[in-house]
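All remarks here apply to the structure that follows.
Just so it is clear, A, B, C and D label the chains in written order, and each chain counts residues from 1 on its own.
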Amino acid sequence: MSASRFTYLGPEGTFTEAALRTLPEAATRELVPMVSVPAVLDAVRGGEAAGALVPIENSVEGGVTTTIDELAVGAPLMIYREVLLPIAFALLVRPGTQLADIKTVTGHPVAQPQVRKWLAAHLPDAEWESSASNADGARRVREGQVDGAFAGEFAAAVYGLEPLVTDIHDAKNAETRFVLVGRPARPAAPTGADKTSVVIWLGDDHPGALMELLQEYAVRGVNLIRIESRPTGEGLGRYCFSVDCEGHITDRRVGEALMGLKRTCPQVRFLGSYPRAGLAAAGVAVPRTGTSDADFTAASDWLNRSLDGRA
Amino acid sequence: MSASRFTYLGPEGTFTEAALRTLPEAATRELVPMVSVPAVLDAVRGGEAAGALVPIENSVEGGVTTTIDELAVGAPLMIYREVLLPIAFALLVRPGTQLADIKTVTGHPVAQPQVRKWLAAHLPDAEWESSASNADGARRVREGQVDGAFAGEFAAAVYGLEPLVTDIHDAKNAETRFVLVGRPARPAAPTGADKTSVVIWLGDDHPGALMELLQEYAVRGVNLIRIESRPTGEGLGRYCFSVDCEGHITDRRVGEALMGLKRTCPQVRFLGSYPRAGLAAAGVAVPRTGTSDADFTAASDWLNRSLDGRA
Amino acid sequence: MSASRFTYLGPEGTFTEAALRTLPEAATRELVPMVSVPAVLDAVRGGEAAGALVPIENSVEGGVTTTIDELAVGAPLMIYREVLLPIAFALLVRPGTQLADIKTVTGHPVAQPQVRKWLAAHLPDAEWESSASNADGARRVREGQVDGAFAGEFAAAVYGLEPLVTDIHDAKNAETRFVLVGRPARPAAPTGADKTSVVIWLGDDHPGALMELLQEYAVRGVNLIRIESRPTGEGLGRYCFSVDCEGHITDRRVGEALMGLKRTCPQVRFLGSYPRAGLAAAGVAVPRTGTSDADFTAASDWLNRSLDGRA
Amino acid sequence: MSASRFTYLGPEGTFTEAALRTLPEAATRELVPMVSVPAVLDAVRGGEAAGALVPIENSVEGGVTTTIDELAVGAPLMIYREVLLPIAFALLVRPGTQLADIKTVTGHPVAQPQVRKWLAAHLPDAEWESSASNADGARRVREGQVDGAFAGEFAAAVYGLEPLVTDIHDAKNAETRFVLVGRPARPAAPTGADKTSVVIWLGDDHPGALMELLQEYAVRGVNLIRIESRPTGEGLGRYCFSVDCEGHITDRRVGEALMGLKRTCPQVRFLGSYPRAGLAAAGVAVPRTGTSDADFTAASDWLNRSLDGRA
């Protein structure tokens, strides 16, 4: 039953699984790990799963380009939720292993720069061997091929290991952002603290095209959260832009900005409006004067009166 | 009967009357000269006239500030037509007067800079005396107070004078623009070559406020024709802007720009959308890519599909 | 001796004379009234006077277009000082005249809208007759042609009249701004609260040309104080812009903005940098981050180091 | 001898080595492969090598984030040359192997998406195994661990293999861009077709900060070639931008834009001005009116004359 199944970037025991398990809607689903982001998303496209959780951005490594590129092309998908997960590694070992016993360590290549300083300080002589995933690294420790694996603490139980050290992370505030993706449908209702994602292709390569794109947002008082250029595959110098902004597509200022992009750019793909995670600290920005829904409605009424000679 | 009456800036024999008589709708009306722009417009506001013709801009002298300021405040009025009149003066004299006989010349103060070079070349010794209007100057010539009056050639017959010299104008292409003003009503249907006039007050006096105003037009691909700053009367440094742009309020790009101004500026007064005069030479600019009504409709349809998950 | 002479827009007893007398440098000069702004300025151009005081802006009437246009063309002149004068009229009468005796009043046409409400309240039946200047109106009262003249209170003594009522002004905070003009020379040293005036001609009439002009200021953090469009005389739709900004030409941000205008516009005329009058209330704006002279110097040093591979 | 040595991202037989060998300056150097971009660059920083060649952008995969991030922080390095290499893979096999014999194929993970369609069409049943590099894949084929390796045709000779199929590339015009990096020194002289690279950190996270950054370029007529956001490592939502523009730091328009960025952004790192590769097709854009060096010099002269009262 597809509606009862969520796919995620596996294997079991990865941060992606941990992120997925924070979602209430995951509690009643069958959670199916898959080997690659394309595989995870194709399961949704093909109807074998109702949703998929994939990493999209890491505060240390940047955008997860496979995810960004997979969402930009192919059968349309939409984002319905985002999950932020603080990234802290545990050093998983076979029961009984001491720090002094560790000659080799492993983890996903992305994990390495996030534990490099810790390694230099505590295990300067340990040799690094990359694994296909953090979870796969744990498996290799269990099988005795490597002495220690950097992975989420939650992976210890899955692989019968012990967390020898926990909360390892070179960068403060390291986080990974994951998105829950499904087939296109009506976006969730606005919550008052939402974000809206699109992919935008620029037209003729004229200077200033990017600035014009940004002005479609700016002139309506819509704040950008993230912009990332990606190659279109048509050769060096040809880019599309993956853009997240504040607000919901049903907010008038956001809707008008999206229509402006749609009118003036050769292609725009709407990737969804969904609740913004992790705003405890920053809070929601107050819309710029004149850009609330009430302002839009009042201006529309005024235009109608003007058209009737009653302004 | 007010509906049968048009007022204009008099007296009889001025360029304003000549401009008014070029309008087909003037043929069947009683044309009533009045002594000042406020008087002309108040007659319309008060219902004593259906329309009024007043000068608003001169290619040599610039904006006619009385007209601009009168339209900006008080009971709302709207512009329904504009008339361009080439400005060429005739030197009107009593029958029989020769150039060598002329010791004194007159005309409205605005006329003087437009005939200064001609005077220097042909009547270097003649003394200038300002009159309240060009037509009043003609009257003074008839009464023998002055020898020659600069006025429209058409004024000769009205005042029993002869045009001794015609087609006098220091500046090439000198023109005055007049507007036909009435009480607010539904604007005339778009013709494909229209202009739209507004008055805009800026809010807090922050640097860049004018640029933000211009961006509301620019980002929708609406071209400006004229912008003029005027004091608000609240002290030096406080201005409002009188702005004409290409297009009709029913053009989607214009309507959205006006709504953007309405939302973000403390006050906007719509002064009308009306056919643009005198485009023979320049032609109508092709709207920028993505700003035609069809583009707006397509983008609106796309937004609706996106809201339904069908984009 | 030209160096000992200042011209001003006369006749004696006008607000312009009063403004001129507030300047310390006027105390030791011969002050010569002249009949028109062109005459006043030509005396400076021709070397017959060292300086000239002319009105340039009125908080009620707006820009004094004759002055603006005269400074824009012809032999170059520069502004060295500005003077703000609160505009308050006195009603001048022959000694012994009572309010009830007044049947006719006069003044310069510009004065009329500034006393209109006062007239309606206090002399509703008095008839207005325009004079060539407020001072000329006073002269006509002295000669018995009119009963009362609106003029500066200081004109009473000049014309042997009495100020029957003083401090008459319809608009609150009404002020006129005057500029002291001379032949081009090195601008006065910056005071920390200066302004810089230029006239800018736009090139090809492309949409957005005005916005590009404004961006040359904005991107360097230079605030605009005043912008006024003026016809170039080449036909309707062709304008130049008279622009005042904050700061002194020796401020790096202002100098770079002016060079940007000079590079990208077909013509720019520098009209001077001079102390800004009347800042008691508002104060000087703090330059935007990164636009102080120290910031420019530091950036220039950095560029030089970069060119040497030492950044 | 460090001056005689260039490092590159190894091992031998990679595209990076092939790119390096296209440079004349490589002909007389010892070319030393290293295992990672950080290692390659640290050899230059430490003085063990005079230069280093690293990939920085791929037309299919996008920016090489390790390279971008390594250049953004740590001891400064500068780019002196760029090399474009068309990416076409050969399928390398042990001598005698036929297409029908191939059950397993390998290559660097980045190679996989670039040969995926070819694999689906010609070897739909072959299993993919990632290798640490394309060259390492070739080594594994030689050792009999895998049947075929996707690598540059030039790698065949290095590893004693045969190119069974050549010119394999899913995307048309696939190219990788490499940069030759050295310790900071005076940039090479401008060639007339140069580019300039910087890394820019935005300050306070205000909406519009990115647009202001772009305006520093736009207002001086400097065209952008590439912009890429990268996390600063301070948490999600904090980015710096890696930007390439047209022109050389000694071009006045570029120098002024860089100084504008330096003034207004908290940090700017200059990464070099160097000849732009691969412009045969597009040609060099003509600078916008008013932005040539001659225009800058003329404007500077005008400013100096204005400061002296001689403009």
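Keep this in mind: a contact is a pair of C-beta atoms (placed from the backbone, for glycine too) under 8 Å apart; a residue touches a chain by one contact, two chains touch by 3 or more.
Everything numeric here is computed off the predicted structure, so don't read it as measured data.
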item: Shortest walk length in steps over touching chains, chain B through to chain D; value: 2
item: Rounded Å distance between chain C and chain D, as computed from the means of their C-alpha atoms; value: 57
item: Interchain centroid distance [CA atoms averaged], chain A/chain C, Å; value: 59
item: Chain B-chain C separation of Cα centroids, rounded to whole Å; value: 26
item: Where chain A touches two or more other chains at once, by residue number; value: 215, 218
item: Chain pairs in mutual contact under the definition given at the outset; value: A-B, A-D, B-C, C-D
item: Contact footprint of chain C on chain D as seen in their complex; value: 76, 78, 184-187, 203, 212, 215-216, 219-220, 249-250, 255-256, 258-260, 262-265, 268-270, 288-291, 295-296, 298-300, 302-303, 306-311
item: Complex contacts: residues of chain A adjacent to chain D; value: 57-62, 65, 84, 130, 132, 171-175, 177, 207-208, 210-211, 214-215, 218, 221, 223-231, 233-239, 278, 285
